[in-house]
Amino acid sequence: ADQVTLQLKWVTQAQFAGYYVAADKGFYEEEGLEVEIKPGGPDIAPPQVIAGGGADVIIDWMPSALASREKGVPLVNIAQPLKRSGMMLVCRKDTGIKSPEDFRGKTLGVWFFGNEYPFLAWMARLGIPTDGSPEGVRVLKQGFNVDPLLQKQADCVSAMTYNEYWQIIDAGLKPEELVVFKYEDQGVATLEDGLYVLEENLKDPAFLDRMVRFVRASMKGWKWAEAHPDEAADIVLENDATGAQTEKHQRRMMREVAKLTAGSNGELDPADYERTVDILLSGGSDPVITRRPEGAWTHAVTDKALK
Amino acid sequence: MIGRIAQLPPLPLAAAAAALAWLALGAAHAPDGMPPWGWAATLGAWACAWALVESLARSGWRHAGLAAPAVFGLTVLFLWEAVTRGAGVPAVLLPPPSMIAERIADSWPILWADFSQTFLKAVLIGYALGCGAAVATALLIDRSEFLQRGLLPVGNMVAALPIVGVAPIMVMWFGFDWPSKAAVVVIMVFFPMLVNTVEGLKSAERMQRDLMRTYAAGYWQTMGKLRLPAAAPFMFNGLKICSTLALIGAIVAEFFGTPTVGMGFRISTEVGRMNLDMVWAEIAVAALAGSAFYGAIALIERAVTFWHPSQRR
Amino acid sequence: MRRAAGDAGPVLCVLMAILVLWYAAAAALNLQWERDQAERAGRAPSLTQMLSAAMSQDRPVLPAPHQVAVEIWKTTVDKKITSKRSLVYHSWVTLSATLLGFAMGTLLGVLLAVGIVHSRALDLSLMPWIIASQTIPILAIAPMIIVVLNAVGISGLLPKALISTYLSFFPVAVGMVKGLRSPDAMQMDQMRTWSATTAQTFWKLRLPSSMPYLFASLKVAVAASLVGAIVGELPTGAVAGLGARLLAGSYYGQTIQIWSALVTASILAAALVAIVGAMHRRVLRRMGAAA
Amino acid sequence: MQAQASRTAAASDDAASRPAVIEARGLSLTFPADDGPVHALSDVDLTIRKGDFVSFIGPSGCGKTTFLRVIADLEQPTAGEVRVNGMTPREARLARAYGYVFQAAGLYPWRTIAANVRLPLEIMGYPREEQEERVRRTLELVNLTGFERKFPWQLSGGMQQRASIARALAFDADILLMDEPFGALDEIVRDHLNEQLLKLWAKTDKTIGFVTHSIPEAVYLSTRIVVMSPRPGRIIDVIESTLPRERPLDIRETPEFLEIAHRVREGLKAGHSYED
Amino acid sequence: MQAQASRTAAASDDAASRPAVIEARGLSLTFPADDGPVHALSDVDLTIRKGDFVSFIGPSGCGKTTFLRVIADLEQPTAGEVRVNGMTPREARLARAYGYVFQAAGLYPWRTIAANVRLPLEIMGYPREEQEERVRRTLELVNLTGFERKFPWQLSGGMQQRASIARALAFDADILLMDEPFGALDEIVRDHLNEQLLKLWAKTDKTIGFVTHSIPEAVYLSTRIVVMSPRPGRIIDVIESTLPRERPLDIRETPEFLEIAHRVREGLKAGHSYED
């Protein structure tokens, strides 16, 4: 069988259920592939891994992928299973924040490590400085969890609809005690978990063929996962070598992720791409990317895979 | 072979090394990768530099202590430059030193802000508190047989409180700013200092101790006039090891939540952004600061434990 | 053996004291949350109610010792050791990398020290760079190391062990340089009068003299190896081991899980240090120290 | 042997009138060891009175050092008891009754010679100026003026030993215990220091326990000479000196002196292992 | 003083015929120090011939140890030169020409007594069995049989010194340099070891440099006695012994012996700082 190594953006969880399902249900095998799924972690930058030859294909957020492309890692989006963005900023209501304008003077928890681009673009669009000046916001590098909100060290924290939000709820805060700003609703949604490969590899027909089969099987996995969320979550749990994930949380996460993949056949919608690029370019004095990228996506794979 | 070359005086060797290095670097910039003779020049430059260090060490020149590591360092930088350029290593994996140097020159204000946040606050304060606490604990342990049996094994447990687990907790307890990093540093340096101090306090010789007994010297007199001086070589051992640990601790702790300033913050952020030149610029600052810190402690050590055989050759 | 029995009392006492402090801290830190909750809900529970609630939170700021103990029990005794949810399994994953890293680190540290003590060129040129190497934050370069190693086909235990090695060789090198230089002038002079070779001087004089320094350093080095192995688990994909547990725990805010991994790591460290200590005592006895 | 000791004690009649400073009764000390215990002292009885100058002489390894160490509370006897000024050795030590010169110099390498001599003065809290004065005086006494600021490793063996003597003489201890203090010194320095020591003793009425291997030195200095034999360490003779307290150096040529020296030599030979 | 040395050399006529083993010419050694340099040796000339037994005597700190150390290549002279068997001291050292007894015992604390004595044998690669045999024999020589398995700290000061003598005698060095080897020993052991040393010397024709503070010992043992004076360390007299090579212990009562001893004492006094 042909070998494919996939580097995830984060640890094993239902966010990546489609790939685990495809592996577990033998969809990859049917396509004659042997896929190794490498979990990520807080210090794993998938673009770096692929540049170093540690993976054939990676999962990354588009802002980060495009920024890497500018830095000389020629990443190309070959498929986009997640159509919608799950990012949001969650604030405690008692901070008095009602709209984004109220952010001024507040402390916000933000993920860095290449995940800060959507936030920075949003703030740039709002015209709120992030340099700690009094009329701007105070930014904290948020760790892995939502503690800063619970401990009142931050007024708002970043969260994903499918993960951190529920941790806040689990911790005992009621939805009515929270104010939620989804990036989708704010018009600053950027594309998340997409599949990226190195540009020059695509010139190799054998590689292209492998990717076609890989995407086909992965999307089959995703659709199966959407249809069987509980079983999909269980498959993820089986693949979690840390043994730290809980069934309750993963099943819930699977349902939320399914909302983001729903309706996507894996093909990147060029309109979504253009929107993402526009948002990123609007970054004011310090834009995430400085010019409109060329050839950062292709339908070559999905065209064949979805035939 | 290199040994034979090293018989030559330093000057011609330096010239040869420089010339070959210049050739190699020129070749490394060739558009289609390094030609074979470029690699040969690289190896030659390396061999000459190595011989130069040997020759310097033998020369007994007064400044050999500075020149030798400098030559060694330049050699490493040169090899790094030649290999990354010559073999076309992607800059997102390992940028060449010239690129890093450029970045350092461009980013003084950021580097300084990060340095003062991480080093001047978290490292120095955490180091002082941690080493102080360790010495105090060692004295407590020494004072009482009971604590010696009870506290030491438990003190050992602090040894491996893994920074990964501790750092988020410290952020939770002490907030996002530097105090939580200082707390991590305290935990990092506590154990090495404790072990070395405890070991050092055992190192006074029997006769030296008996002498104090005949004077009916009090505990603190014996401590101040005999046991601490005798322990000093060990304690400096601990202080030296801790000086680098403290820096690692503070930087790594910043991976787990910080305000948007600090060497660790910058490193993890810029890795995510694929700005590896900035990452290495911070690493260079860290290395410089760490070496200076270590060097300062080594100088104090020399002044305080001048009498120890290890200092007297 | 007798020593161990004699130590049990004091160790228990100190542990008891720590437990008491821990409970007090847990109460203090967790009560705040209970108070907020009650306030938000408009309830006014009694202090004892709040206390008992504070001791049994799902996600306490600081879990109470018994919560950690129960968690450790559940994840060690109640689980098959091959299970991914068994702490024994995760401890072993970390321990194996620790031991390999410690072995390599000790070897490297001693070799470097030997080189530095015997060659002035090495002493002058290498030492500053060894020091500088230690100021490079491993977490920053570890992913790159792992990527590079992966590219040459090395994966699994070794990359983690290499990070352990990186952290542990330094204390050994620094301590051994000092230790190997600690023989006094007369002892060195004796070797000279017999015109002993460098190797003979090393084996018969320098090495025995360095033992106190070596063992003090080894204790620090095993502990550092453990920290290195745990840290090394993050960029290696954090799939198994105590580090992965810690990370997963903190990612999901599961403080009880974090603390049970922390406590396990500490016990592991204490055990490793104790083993080195026992070796130290044996060597001391062999070397004729007063009992 | 007990009889002998009491006989000689009776000989000098003023002895009994002075108070006993050190009294050892049935003293034994055994060092445990893996390969069988070493009996360093066995059933030793001895009384040293105020103002006595007692020399201990005996073959190498017979227990002289061990005996001094027991008196100074540096070693615990396995049987018997010692009283010092009516106290236990421990109490006497805490009362700072001892000045001890060890067999090896044992200077602290991180202190200069002057600082080494000053050490006990600092510990006993002498005023700063007096410290300086005493350091100066005792260093002059042992002829080390000019070496105040040197470190121990910069001194010759004999100079180190003299520094260690100075250290013990710098403060006023009632009891001086000296373990071969002059072993590494040449005859002339030795004569000089012997004279100085006698002067000091006469002036201050110290009680001195003195280990030496030199029979003339023992005879010249002591009011009593204790001859010991090895394994187990026992006292085989206690010789009461009949020499006057005032002793010019040339007393060493008098027949009386030679007679005592002869007796010591005989005792030594009798107890010596080569004669077994 | 040069004249004197040559006069005495001429006195014993066989001297010139034996080859020179150690030759020092214009030897000076100055220790640098923060508070001014110390002139340990100044312009020392001396020739020691094969089979000589040369004693060095002089006040404490006059440079005796330093001189031995220069010969053994443990210290580098600041001026002048030394030849040993026609080689530099370094070459001679590498050829394992020296057995050296240091002024302090300097046993390795982690080795038993037997292992300490065995150490040079191990280093010089003697076969295993011969090592055992030599250790046994030399320990017997210094009367330490039975203490093989003890560690140094379990021995008395004198016993440690004897162990260190045994260590230097265990192997066959042409040149024995002994720095106050018998300082911490009682008269009887000392006499015994003096005899043994003379026997060994007679049997093996070693060349011996011997530092001592005891005038009788120097006279009894030596073919030549070098008297030194301190700061700067100079040779002030070289006394050729007229005693026969065969020397029973009671030679020490002969007028000839006393005459030499007297001359040494006079030399010593002359050079001594107390007389300045």
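By letter and in written order, the chains are A, B, C, D and E; residue numbering begins at 1 in each of them.
In this text, contacts are C-beta pairs under 8 Å (C-beta built on N, C-alpha and C of every residue); 3 or more make two chains touch, one makes a residue touch a chain.
Since we're looking at a predicted model, the values are computed, not measured.
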Graph distance between chain C and chain D, where chains that touch are linked: 2
Label of the chain whose CA centroid is most distant from the centroid of chain E: A
Most contacted chain pair (by C-beta pair count): B-C
Computed distance of Cα centres, chain E from chain B, in Å: 49
For chain A paired with chain B, centre-to-centre distance based on mean C-alpha positions, whole Å: 38
Between chain B and chain C, centroid-to-centroid distance (C-alpha), Å: 19
Rounded Å distance, chain D centre to chain E centre (Cα mean): 29
Residue list for chain A, restricted to those that touch at least two other chains: 42-43, 45, 48, 52, 143-145, 147, 151
Shared-contact residues (touching 2 or more other chains) in chain D: 104, 153
Multi-partner residues of chain C (each touching 2 or more other chains): 61, 139-140, 143-144, 147-148, 185, 234, 247, 249-250
Chain pairs that touch, as defined at the top of this document: A-B, A-C, B-C, B-D, C-E, D-E
Of all residues in chain B, those that touch chain D in their complex: 205, 207-208, 210-218, 221, 225-226, 229, 232, 305-308, 312
Residues of chain C that touch chain B when the two form their complex: 6-7, 9-15, 18, 29, 61, 119-121, 123-129, 131-141, 143-144, 147-148, 167, 170-171, 174-175, 177-178, 181-185, 212-213, 215-217, 219-220, 222-224, 226-227, 230-231, 234, 242-243, 246-247, 249-250, 258, 261-262, 265-270, 272-274
Interfacial residue positions of chain E with respect to chain D in the complex: 31, 33-35, 38, 57-61, 64-66, 103-104, 143, 149-150, 154-159, 162, 179-180, 183-190, 192, 213-215, 265, 268-269, 272-274
Residues of chain E touching chain C in the complex: 69, 72-74, 93-96, 98-100, 102, 104, 106, 108-112, 119-120, 122-124, 151-153
For the chain B and chain C complex, residues of the former touching the latter: 53-54, 56-58, 64-65, 68-69, 71-73, 76, 93-94, 146-151, 153-154, 156-166, 168-169, 172-173, 191-192, 195-196, 199, 202-203, 233-234, 237-238, 240-241, 244-245, 247-248, 251-252, 255-256, 263-264, 267-268, 271, 279, 283, 286-291, 294-295, 308-310, 312-313
